[in-house]
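One chain, chain A, links the two complexes that follow: it is found with chain B in the first and with chain C in the second.
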Partner chain A sequence: MTAMAQRNLEKQLNILDYALSSLWRRRLKSLSVLLVFAAVIFLLASFQMVTKALSDKAREVLVHTPEITLQKMSVGRQEAIPLAYRDRLAGIFGIRRVVPRIWGYYFDEVRLANYTVMGMAVEEMPDGARLDTALASGTMPGPAGQGLVAIGQSIKKALALEGRTTFSLFRPDLSLKAFEVSGEFSPDTDILTNDLVVMNLADARDLFAIPAGLVTDLCVYVANPQEIDTIAKKISETMPSVRVLTRPQIQKTYQVVFGWRSGFGSICLLTALAAFVILAWDKASGLSPEERREIAILKVLGWQTSDILVVRFWESVIVSGLACVVGMTAAYIHVVYFAASLFRPVLMGWSVLRPDLHLLPRLAAGDILLTLAFTVIPYLAATVIPAWRSATVPADSALGG
Partner chain B sequence: MLIELSGVSKIYNQGRANEVRALSDIDLGVEQGSMVCLKGPSGSGKSTLLAIIGCIFPPTSGRAAIAERQLARLPDRFLTLHRRETIGFIFQRFNILPELTVLENITLPLLPLGVPPKERRQRAQELLARFAISHRARFPAGQISGGELQRVAIARALINNQPIILADEPTAHLDTALSREFMEIMQQLKEAGKTIVIASHDPLVFEHPAIDRTVTIQDGRIHVP
Partner chain C sequence: MMRNRFPEPMRPALVFALLLCLLLAFDGALFIDGLARRKAEYATLAQLAVVTSGLGLTDLAVATEARYTRHPAVSDPVAPFMDHPGAIEHFPTGAFWLPPSR
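Showing the complex of A and B:
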């Protein structure tokens, strides 16, 4: 290293040292700025992490959903679909299997909560689509398992089952139907199974009093997943009164819902960030008499305007860097260990039975850079640009009159 | 001549409604190793003259050469570089930063020069020992006495071993004993070869035997009695 480069490096280290001591001297003010800034970053990063983790989770668990779901529509509303419609699908090339399903909601008047009830013909479903991989323990109810159910984690809590395995639900005529728990879904699939009660088709028909020969949906499984859209189009053409929902469409709907909620939240938080940046700009634009005096003294002692700007730059980098580390670490802890409790009502809907999600956000470099770009860069701009005005305090103001 | 001013004028806010002519047609020469006092009432232009000699800003017109460098067309950046190498400042009220330690205050001029911490401490310790305030090195400057503060200010002006020392009303807030002590130190520095210019209207300063010449400034001009 040349002597000039060595000297320049020493100079930068000296200025960094002075910036650190300057922050320490105004530690109360520095700490307040750091905490407020860290809080803003914490909110933004939490939001970003939880949205990302929820979207990832949704993508993971939606592989359990049928590739195509058919529902009968009449005057714009969904109604039961005849099982006989399966015969009309037989002629469409590429369909591997058509499985009937009864899907509905059961309102528990005692707990004021909705349970999602799914009656499946498990024996007809292809491997990998039976939800059995989502089970933490037990088995899925088969066709012979009269009154057996697999339940999600919130159902278990809501029904306060504890050691028991049996419970009853009301039929529409208010007679009781008894069930026994044969399996429990894993908390990892909470986003899909949290409020789910799965039973065989006959039990679901009995519970909801759905006449024989009718179901709520027909689940279509295709031979080649690349052809989902083509087959869906053929079904639509064959049966115009049927609503055809594809798995990619459902995935997209989830992404849009999370995206919309996250966008709404981000706008609110970015407003808070903007307010903070404006405050920082305002603060950096005005100089206290002590600060003016300090700058004038430094300039008389041989400091260049650029040296003073570098001090301000380092001060801002240190404050914003620390705020970023603190804010992002707190956000990660909040999302992973506290299940993003601050944002759950916003991002996960307003259900009474909210899943105890165990989110593990993937920390991609791009996301970290995005957070940095939205927080540190505006802060640096808001503090260093007006510092130019501060740094041009005339040196002679340190002299007497 | 180490300091040579010829026909120097300074006008603040030139061409504006609030234009102020601070200095007019100043001719002044200061030889190396001499001590000159700029005398005059407040607002007479002493500090402006000191600022020009101190390379803080160039004159509006006239010729100013400090340590053989013409200031007239020197951009601000080079004025600062020249000031760093040539001028040590002692301010009115000493302008010490009270939150910094004595050692940090003294080494402030060395930071932008890229002097490493060890060398900075070493140079400062030598000056602290010379002015008998080594025991105060780690004290916050705001917690030391007026006399010690004065010596810290002088040590800071000497830290880079500049040939010229400029002092702006250095005794304005000192009692008689401390003012005398200050002048004794200035005398020692002069004997060590420093060129010293002091702006003051304190008789203890301009009547001190070490002063080689007193220049009276009045209304921005050198007053010849």
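Showing the complex of A and C:
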């Protein structure tokens, strides 16, 4: 029994040898197929790893997002919400705290960059007292700190502060408002704080010239997280013009926003599929005279149809397996060590402030299988028919012709 | 007995197996480096958690070009079509990001 198994193994090894040397004989063609295939897998796997790393990060981080966020909608757009709405929330049982915020975007016309300005009483927020631990230097601006701000790394670079701690921004009427940097967010939190300018509520109101009594949104914290949905429903019943965003909705957004269906994803997928179809077509469309001759000679030498099928199978496995390993390794290096530099122009578009993305995809067996299923398995399937066609060539017709 | 001047070439299957081992060893090295990076990432996770809850952040700062890609979770649903009804999305990041479904 063992002798037979050994013979069988030896036979498979010999066939593998033959398949390898036949690939080597056509090395230019094999190599080009391998490279194109690896490039297709590289593109697909890179896209998958970037989106996975970003959505994983979002999932880990957004568990701490406000439980309920309230925005006022008017004519289909968001606008400032009156602070007086807080009184109407007071009647809803289960709300622990309501924190008003003023936030928005400041377009710096000199550097053509968008800053995200946030004004709030950080001491009222959960973990607000611990915010200093997330700073690389300095402290968070307190309620009394008039004109003090904490800034993200890109703001520091954009404003070219280099040792200076003061800068000015324009109010809507083009008068200047001076700020002093009291703290600087750590580069480790770039993915959240890169473009932030955090100040107290009064300064933000002054900078954006927002009338007293209005804020951008209200963060609502509830006593029991199980009741988020119930309280959100009560709020939207009490105030129908208010858009109520709950923490699970925000978390869900990020699990959806980077999807296979997103524009770039489908372009990658289509490109990959087109390349694959060309490859498979090349494989499937007829045999070259040399290939027919080779098969005929093998058959004359006593090879069986099944042996030739096995050779073709090994060839496909070697090419697609090698392409898969090379493509996925290259994709991992591209995403982790080069921060997905090929995708950055699309991922960040015309953004002027760009965070240093430290992407670390968590590769599960399922993701690798998904890539395999999209690439290697169709390739193997597509090579079965030509393999069978080639194996059934009658020896005499190939040699005689 | 005369010795062969040239050693017998390695059989192709062995060469291929060696190549595969080399590639897998390289992947193993990447994996070990990945573990070290993961450890460093866990260390910063606490900071990220403090920032998120302390400032009530709702979004990742990846693209800063348009408000609906800077804050996809809280921007209003008509933002991509704000210029006129039926306006085509014109920011490049809009191609990478799927509009959030509500």
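Everything below uses one rule, namely that the second predicted complex is superposed on the first by the 349 of 401 C-alpha atoms of A that agree within 3 Å, B and C clash if a C-alpha of one lies under 4 Å from a C-alpha of the other, contacts with A are read in each partner's own complex, and residues count from 1 in each chain.
In this section, a contact is a pair of C-beta atoms (placed from the backbone, for glycine too) under 8 Å apart; a residue touches a chain by one contact, two chains touch by 3 or more.
Predicted model, so just to flag it, every value in this text is computed and none were measured.
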item: Partner chain in contact with A:196 - chain B first, chain C second, else both or neither; value: second
item: First, second, both or neither for A:64, with chain B first and chain C second; value: second
item: Partner chain(s) touched by A:386 [first = chain B, second = chain C, both, neither]; value: neither
item: Touched partner set for A:249, first chain B, second chain C, both or neither; value: second
item: Chain B versus chain C as contact partner of A:21, first or second or both or neither; value: both
item: Touched partner set for A:333, first chain B, second chain C, both or neither; value: second
item: Partner, of chain C and chain B, that touches more residues belonging to chain A; value: C
item: Which superposed partner A:119 touches (first chain B, second chain C, both, neither); value: neither
item: Which superposed partner A:300 touches (first chain B, second chain C, both, neither); value: first
item: Those residues of chain A which chain B touches in one complex and chain C touches in the other; value: 17, 21
item: Residues of chain A touching chain C in the complex; value: 13, 16-17, 20-21, 24, 54, 57-58, 60-66, 69, 71, 73, 76-78, 99, 101, 105, 113-114, 116, 118, 120, 122, 125-128, 130-131, 133-134, 152, 185-186, 188-196, 198, 217, 219, 243, 245, 249-250, 252-254, 256-259, 261-265, 267, 318, 322, 325-326, 329, 332-333, 336, 343, 345-355, 357-358, 360
item: List of chain A residues in touch with chain B within their complex; value: 6-11, 14-15, 17-18, 21, 25, 293-294, 297-305, 307, 394-396, 398-401
item: Of chain C, residues touching chain A in the complex; value: 11-13, 15-16, 20, 23-24, 26-27, 30, 34, 37-38, 41, 44-45, 47-67, 69-78, 82, 91-102
item: Of all residues in chain B, those that touch chain A in their complex; value: 42-43, 47-48, 50-51, 54, 56-57, 76-77, 80-81, 83-84, 89, 91-92, 95, 97, 99-100, 104, 108-117, 156, 160, 168-169, 172, 199
